[in-house]
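Structures incoming, each one as structure tokens.
You will see two complexes here that share subunit A, one where it goes with subunit B and one where it goes with subunit C.
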Partner chain A sequence: MSSLLSASSALREDALRRLKREMWARAVKLGLRSWVGWRRGFTSKADPQRSGRVTAEVIEHLERLALVDFGSQEAVARLEKAIAFADRLRAVDTDGVEPMESVLEDRCLYLRSDNVVEGNCAEELLQNAHRVVEEYFVAPPGMCSPKWLNRLSLSELRI
Partner chain B sequence: MLGRTLREVSTALKQGHITPTELCQKCLSLIKKTKFLNAYITVSEEVALKQAEESEKRYKKGHSLGDLDGIPVAVKDNFSTSSIETTCASNMLKGYVPPYNATVVQKLLDKGAVLMGKTNLDEFAMGSGSTDGVFGPVKNPWSYSKQYREKRKQKAHGENEDSNWLITGGSSGGSAAAVAAFTCFAALGSDTGGSTRNPAAHCGVVGFKPSYGLVSRHGLIPLVNSMDVPGILTRCVDDAAIVLGMLAGHDPKDSTTIQDPVKPFTLPTFADVNKLCIGIPKEYLAPELSSEVRSFWSKAANLFESEGAKVIEVSLPHTSYSIVCYHVLCTSEVASNMARFDGLEYGHRCDINVSTEAMYAATRREGFNDVVRGRILSGNFFLLKENYENYFIKAQKVRRLIANDFVNVFNSGVDVLLTPTTLSEAVPYLEFIKEDNRTRSAQDDIFTQAVNMAGENLTSAIPEPHAKEPEQLHVTSFSYLPMTNELAGIIETFVVTKRPYWT
Partner chain C sequence: MAALVVRLSCLGKRWVLACIDGGSRHGRGAAIGLTSRRKRGQSSVAQQPLIAVQKSRKGEREWAAVVGLEIHAQISSNSKLFSGSQVHFAAPPNSLVSFFDASLPGTLPVLNRRCVEAAVMTGLALNCRINKKSLFDRKHYFYADLPAGYQITQQRLPIAVNGCLAYSVSVGKKPSQVSTRTVRIKQIQLEQDSGKSLHDEPRSQTLIDLNRAGVGLLEVVLEPDMSCGEEAASAVRELQLILQALGTSQANMAEGQLRVDANISVHHPGEPLGVRTEVKNLNSARFLAKAIDFEIKRQIHELENGRKILNETRSFDDKLGCTMPMRDKEGKQDYRFMPEPNLPPLLLYDTASLPPGADPQQVINIDWIRERLPELPGKTREKLIQQYGMLPEHSFTLLNEVGLLEFFQNVIKETRAEPKKVTSWVLNIFLGFLKQQNLAVNESPVTPSALAELLNLLDRKAISSSAARQVFEELWRSKGKTPSQIVSEKKLELMQDQEALERVCHTVMEGHPQVVMDMKRGNPRAINKLIGLVRKATLSRADPTVIKEILERKLSS
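== the complex of A and B ==
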């Protein structure tokens, strides 16, 4: 057991080192400023037109939730504009108004009977996946250790 | 022959003036000639010829499947088509071959339609110009029309012939261009905020958005589940009615389709407008509206009045907020819908294997363009716990107010609304790209998206042929009845000629 643990922690260390190397390589290749200053530079500057809502914490949080990165200062600026645009809704008086989820809210959705009528097409479905082993989709290891989750944010995982 | 309407060609096929194979080959060769428009992502030549052959056999035996048998059609590339690559114009789905047909595609094929190919669009149907897909922008066939060329000659000389081409509008630009260029007789688009009607307006074809729940969304790669509908693009209103008749109806695979029975209908050759009340919403008289569109709008209203209809001014008070509300709801639902693209079961997958999160993040960075990523991030922002009430729920409440606006107007005796589709004619690409996708969508969807949020409206866009560039009107009605088609047909008969007006 302990050999497994030490092997896996060695693997993790290896992976981290490789990640950091790759990140540097890419930063140089793309001519970006060093990644340490990179995220710091993303916070929205004081600008009368911007709400200043998109702080570094919000950026990190959104990137983590969405698993999509901003990639540039322009993207942050676009989000600021989108938020400012959405803020116009505050002017509408919605007291006593129920939210509308669907225009078909006064109808019942169709439910079919619980009988198996199709399926048995595992081979067809597996054809579109890149990595498959027998009838399994293959995913890289998940990050199950809380220590790992706390240490690495998405930006640190960013390649 | 290729410039005829669907009904005319169908008659020609039934009477043996032309065979499905000949028709298919003519369309295929025209697709090759008009390749510079970039309307098609995939041209399914072998499949089309095979389908045409089978159609020919049926005609020979006298067992034709109906009006659509042997008719070349095109399908927007966000509808799943079995064994034909479906990309949504994105790197994320390049090489993805669905194992099934979307219901609407299956219905077309069951009626004998011949699938010419998959048309170009904005990536994942996000955009209003058909300029943001990975396969490049779609060019408006009108850029090469006599009228536009003449107009350009009057301007700068020595300008490169092809540098000032017009956009098609979006996001179903490829479908609209395919129909306008005569490479097919009908095309499927999708409509979430105007994505069928906007390009129809800019390309001078009829764009029809069915009421939400009338046509199945099974197989349509979703953008906004509560607003998406498949759209129909054709060269005249009658053709749109034919196609709608084939596609509408409950689908057990899409539980958001209504279960009421739907009967196919034909447009009357002469419709009486004496008892009709047409509403002109005053809030749609925006200052940015171009003078040509405004004058066409008055012309149409006067036309109805002179034929005996009652034309009155109505009010949709929350119009100015509808685009904002749409923006919030759209990005929120997009954030949710795009979460399925992780590279595991289908689509693009990056090479990183360190961890699932790293793999997902890199896959999504490589697969999505800036527009899609921007919308996902905005959507996630509005869905954050601290923002949920103030943005998402607020937008849902405003949505109800907007839907109620329409209900109130239609309950007050108005049968249909008549509005413009876009603020102005199609703009040149070089001008369009001066603003980013989000700004353009906010500008261009201004008239079209309110109806998507209210859902229960049939809408079509009818072209004005005598303008130098296409302009269009919107006809909206409240129910699932074919009324908008009839009225659109009336406008068409009086104002439009059925002959091609661009060469």
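== the complex of A and C ==
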């Protein structure tokens, strides 16, 4: 785990910083097992292991999913290295080991009674917003569209 | 509340607001079994396969349509699925939002017991197998009204699976030709609703209200066992009645508590299923039926003209009555499902597996919930048919209108009139008046007791049925008067004075010797003419059967 953490800190540079937040940080936070489970349980289009190289299409796909801009070939090369590093996880023999649902899987799921005990704090919440209209958060129009991604720069994305 | 209305109306003036129903984006990832061949369970034997087979214009080859549905029902609960903020339809923007709903760092989901119970109840009512262990997953997509960047749902192991829903559709021209069909239920999953986006086009910005973010939803996935808009609409209607009977959802489509996405494809019978499209944001039963039927026709037209059907998401334009590709859904979605790390598996128990000494607040017993299920619409109809000798289609109408069954039962309680008479009055006259003026049952100016009293007057032959109609019209117009008051004010009571009636008959006969002659010659219609004349002379206050008796007696003497 500690080597993973130090590896992830080595990646804390330029554009990969944001990719790390999407993928690495999750893997570290959730624990190795759920990371492996995720990769195995949910096949993704971004599956560069087979080719060893990350294609332009996969990069484009990742950029759209994570709302990041890799920007340079160098960043892509670093991503490939990071993936190769993570692939060492596959060396661990997990045959016959039942995957965990979560690190909390043997805990009881606490049930809350159906009472209203929160809310009524719009003013506080809206302090986090960059722009507010009346009591609404303001977001740019038409999220999720690749067109939109191409049109706006990253700084605009974060209005 | 008043302040809110003012706020909303001034918003409307300043921006062009278009509300996009964010919640119905959900469920896109749930695989609906369209790629697998349709396999009907034993329970659906009564179903005729592929009734919506359409004749091809160009001749020989027929088309069959296949329709599956994903339905999102908002759970009726005080607080949200994973947070303690309130669930309420119209509240000031962002007033019903906790730190968790806004996805602030350091917040964690805490499952609402009521939502789990609602899911179990719904699963049991829909004949599902309840999974004693179910799991929560994250489904990722970026949208401004989904602050966490993911929705917590149940992708791998939902709370209920393998159910079925029986519904009825009319098959002939007559309303009595009703056929019962069954649609299989693939699964029911618990998930979070998203917030709402208000698109302000002129200013090129989106306003976000998170009041709905995190409200508990039941996603009910129906297998593609339907084949036309009417079937789908009837299935949804039946589900709506079941949810309302259970109280697990108010299921009001206009308020977005029930949202439907339809998966539609066409193929030639005997060949593999066609490529499907998904029509989203259907929020009325009528639009659902229209959108599906339009989409079936469109797909057939495309294929017959040598074009291909794209696996795409479309929306229904209710003004143009057609479906259109959705602009912002380009490219394949990748939801990057992963197990929700902050929620251990959800375990449910039955009486046999209940751990001894468990805190009753922390365990849910499926058997306990099953024993307390309320009566479902199917059972209610069956009872109406048995108890009152009602026709099946009448039992459907009684349940379809909100509050009508209760109205009917209250009338029955207070009247001596025959149930058949009550049914006929409630369904023909009362419902007719409501429909004509576009009123709900609870807005009716006529109370159940007033109608009951009126039917009593009719039952003991104090008034004629035409007079009863007049009284009813008067009751509708002038609130507060009782039927008896109206009868005496308008002098509508039947003439009980036999001698007076005989005198009137005599006068009429003398006044119309030609008709009397006709009758004596054996023209059977002549007596009806005389009865009509006598009734007119008595201002419709005489009982036609009594008049007939007197006339016949007089003519034969």
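By our rule, the second predicted complex is superposed on the first by the 89 of 159 C-alpha atoms of A that agree within 3 Å, B and C clash if a C-alpha of one lies under 4 Å from a C-alpha of the other, contacts with A are read in each partner's own complex, and residues count from 1 in each chain.
Just so it is clear, a contact is a pair of C-beta atoms (placed from the backbone, for glycine too) under 8 Å apart; a residue touches a chain by one contact, two chains touch by 3 or more.
This structure is a prediction, so every number in the text was calculated from the model and none was measured.
Residue contacts after overlaying the shared chain place A:Glu135 against subunit C, while subunit B stays out of touching range. In the superposition on chain A, A:Arg107 makes contact with both subunit B and subunit C. Legend: residue contacts after superposition of the two complexes on their common chain; A:Cys121 is shown touching both subunit B and subunit C.
By the touch criterion stated above, A:His61 is placed in contact with subunit B and with subunit C alike. In the superposition on chain A, A:Val92 makes contact with subunit B only, not with subunit C. According to the touch criterion, the shared surface of subunit A, contacted by subunit B in one complex and subunit C in the other, consists of residues 61, 65, 67, 101-104, 107, 109-112, 121, 125, 128, 131, 137, 139-143. Subunit A contributes residues 15, 18-19, 54, 58, 61-63, 65-71, 75, 78-79, 81-83, 85-86, 88-92, 94, 97-104, 107, 109-112, 121, 124-125, 127-131, 137, 139-143, 154, 157-159 to its touches with subunit B in the complex. Those residues of subunit B whose C-beta lies close enough to touch subunit A in the complex are 96-97, 99, 212-213, 226, 250, 252, 255-259, 318, 321, 324-325, 327-328, 331, 335, 342-347, 349, 352-362, 364-365, 368, 370, 373-374, 376-378, 380-382, 384, 390-391, 393-401, 403, 436, 438-439, 442, 453-456. Note for the complex: subunit A touches subunit C at residues 26, 29-31, 34, 37-38, 41-42, 44-46, 61, 64-65, 67, 101-122, 125-126, 128, 131, 133-147.
Looking at the complex, you find that subunit C touches subunit A at residues 7, 11, 77-79, 83-86, 92-100, 102, 104, 110-116, 135, 140-144, 156, 197-201, 204-210, 327-332, 334, 336-347, 361-362, 364.
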